[in-house]
Amino acid sequence: MSNAPIPPTLLTRNPDEGFGLAIRLSRFAVKLTQPDGDIRASLRDQYGRDPEMLILASQVVATHFATIAAANNYWKDQQP
Amino acid sequence: MSNAPIPPTLLTRNPDEGFGLAIRLSRFAVKLTQPDGDIRASLRDQYGRDPEMLILASQVVATHFATIAAANNYWKDQQP
Amino acid sequence: MSNAPIPPTLLTRNPDEGFGLAIRLSRFAVKLTQPDGDIRASLRDQYGRDPEMLILASQVVATHFATIAAANNYWKDQQP
Amino acid sequence: MSNAPIPPTLLTRNPDEGFGLAIRLSRFAVKLTQPDGDIRASLRDQYGRDPEMLILASQVVATHFATIAAANNYWKDQQP
Amino acid sequence: MSNAPIPPTLLTRNPDEGFGLAIRLSRFAVKLTQPDGDIRASLRDQYGRDPEMLILASQVVATHFATIAAANNYWKDQQP
Amino acid sequence: MSNAPIPPTLLTRNPDEGFGLAIRLSRFAVKLTQPDGDIRASLRDQYGRDPEMLILASQVVATHFATIAAANNYWKDQQP
């Protein structure tokens, strides 16, 4: 999963790519508040072992995923 | 309940399957942040006995369920 | 209030029944994470006396209630 | 502000009454989890002096107010 | 910023006024739970120096702002 | 990223600018509660090194981003 900047569109091909974008957006907010990559890596190491923080991080992803899913009209046109 | 990757569609047959998908999405975010399955199992054991974390985890599920319910137009066409 | 599984429809007759369903969905997520009923009962006893956890639990209910209210078009057709 | 049960409609005459209903819904969830009125009164006393809990309680109210505002089409027809 | 009661309409002239209203709604919920102005002032002093509480308070404002923005159709007709 | 006041419109040219606005709105709420710039700078230093607070701050940004994305109809007309 890349930490590349925000793409010019929220449209993705499927829910899986939408989920990946939700994670990128979650990380991007952290990056803007804490630009130092070394500090961020150390923080990530901390919260990767803390269940409460993992849950809270997962809440941020869920919020972004809701936005991205709406933007894609829930990928209804891409259904198999 | 499986930890399989995100399906190609958010459409499910009924609210119960939608709820199952909401739980999968919640766990998937954690998996992407903490890929080590052993650590995740140990964390799950911790938060399974901590009421506050269980409530917070349940908040993430509620957020994903809202998205999935909207995607399915609240299963109005599947009503009994 | 029952802990029965998720019903086949999110439609309820009025806001009060919708609220009851929101509580069931909140508990159902906890049940899927912690299947042991005895542990759950003990946890419920803990958070029933902890104001912060009660507030957090009430947040989950509010999130589910929002979904259910939308599913029922806010019960506008059932108004007295 | 009353603790009466949930009314048969989410429609209110104005934002102020909608806000009152949001508070009732917030308290109602707590009541269903902790039915003992004396314990609830003691918990309310605790969180009334704890800024973090007051903020979290206010988050629940905000979530219910969003639902009620949508139910009332944001009171656009009642504007002065 | 005033602590005046809730206005009869959620419509505001622009996003800035909408944001002000979101803050009023956030404070109003706290006021209804803790009516004592002196206690509230002391609590505000506490959370004004606590970064976590400031962030949580800012989450409540964001939730109300979402409601108000929707009520105003995102001020699309007032764009410069 | 600027701390300038809220712009007269929520419309932005693309998701990236929308994200920047979401961050400005998040900071603006904090500024209104804690007007002292020196205290704010010190608090920002604290939470920039605290993973839990960074995650919570990122939740506020996600909530504002949802509002701004809806205001912009998810930038569907600006897609490349």
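Things worth noting here:
Per-chain residue numbering starts at 1, and chain names A, B, C, D, E and F are given in the order in which the chains are listed.
Here, contacts are C-beta pairs under 8 Å (C-beta built on N, C-alpha and C of every residue); 3 or more make two chains touch, one makes a residue touch a chain.
Keep in mind that what you see is a predicted model, and the values were worked out from it rather than measured.
Separation of chain A from chain D in touch steps, taking the shortest path, is 3. Contact with chain B and chain D alike is made by C.
Mostly differing positions are employed by chain B and chain C in their mutual contact, as under half of the interface residue numbers are shared between these two copies.
The angle of the rotation carrying chain A onto chain F, fitted on C-alpha atoms and rounded to the nearest 5, is 60°. One finds 16 Å separating the Cα centroids of chain D and chain E.
For the pair chain A and chain C, the distance between C-alpha centroids works out to 27 Å. Centroid to centroid, with C-alpha atoms defining each point, chain B and chain E lie 32 Å apart.
The set of chain B residues touching two or more other chains comprises 44, 47, 52, 56-57, 59, 63, 66, 70. If you draw each protein chain as a dot and join the dots that touch, you get one closed loop, with every dot joined to exactly two others. Ring order, beginning with chain A and continuing to chain F: A, F, E, D, C, B. Residues of chain B that touch chain A in their complex: 5-11, 25-26, 28-30, 32-34, 39, 43-44, 46-47, 50, 52-53, 56-57, 59-60, 63-64, 66-67, 70-71.
Within the complex, the chain C residues that touch chain D are 1, 14-16, 19, 23, 44, 47-52, 54-59, 61-63, 65-66, 69-70, 74-76, 78-80.
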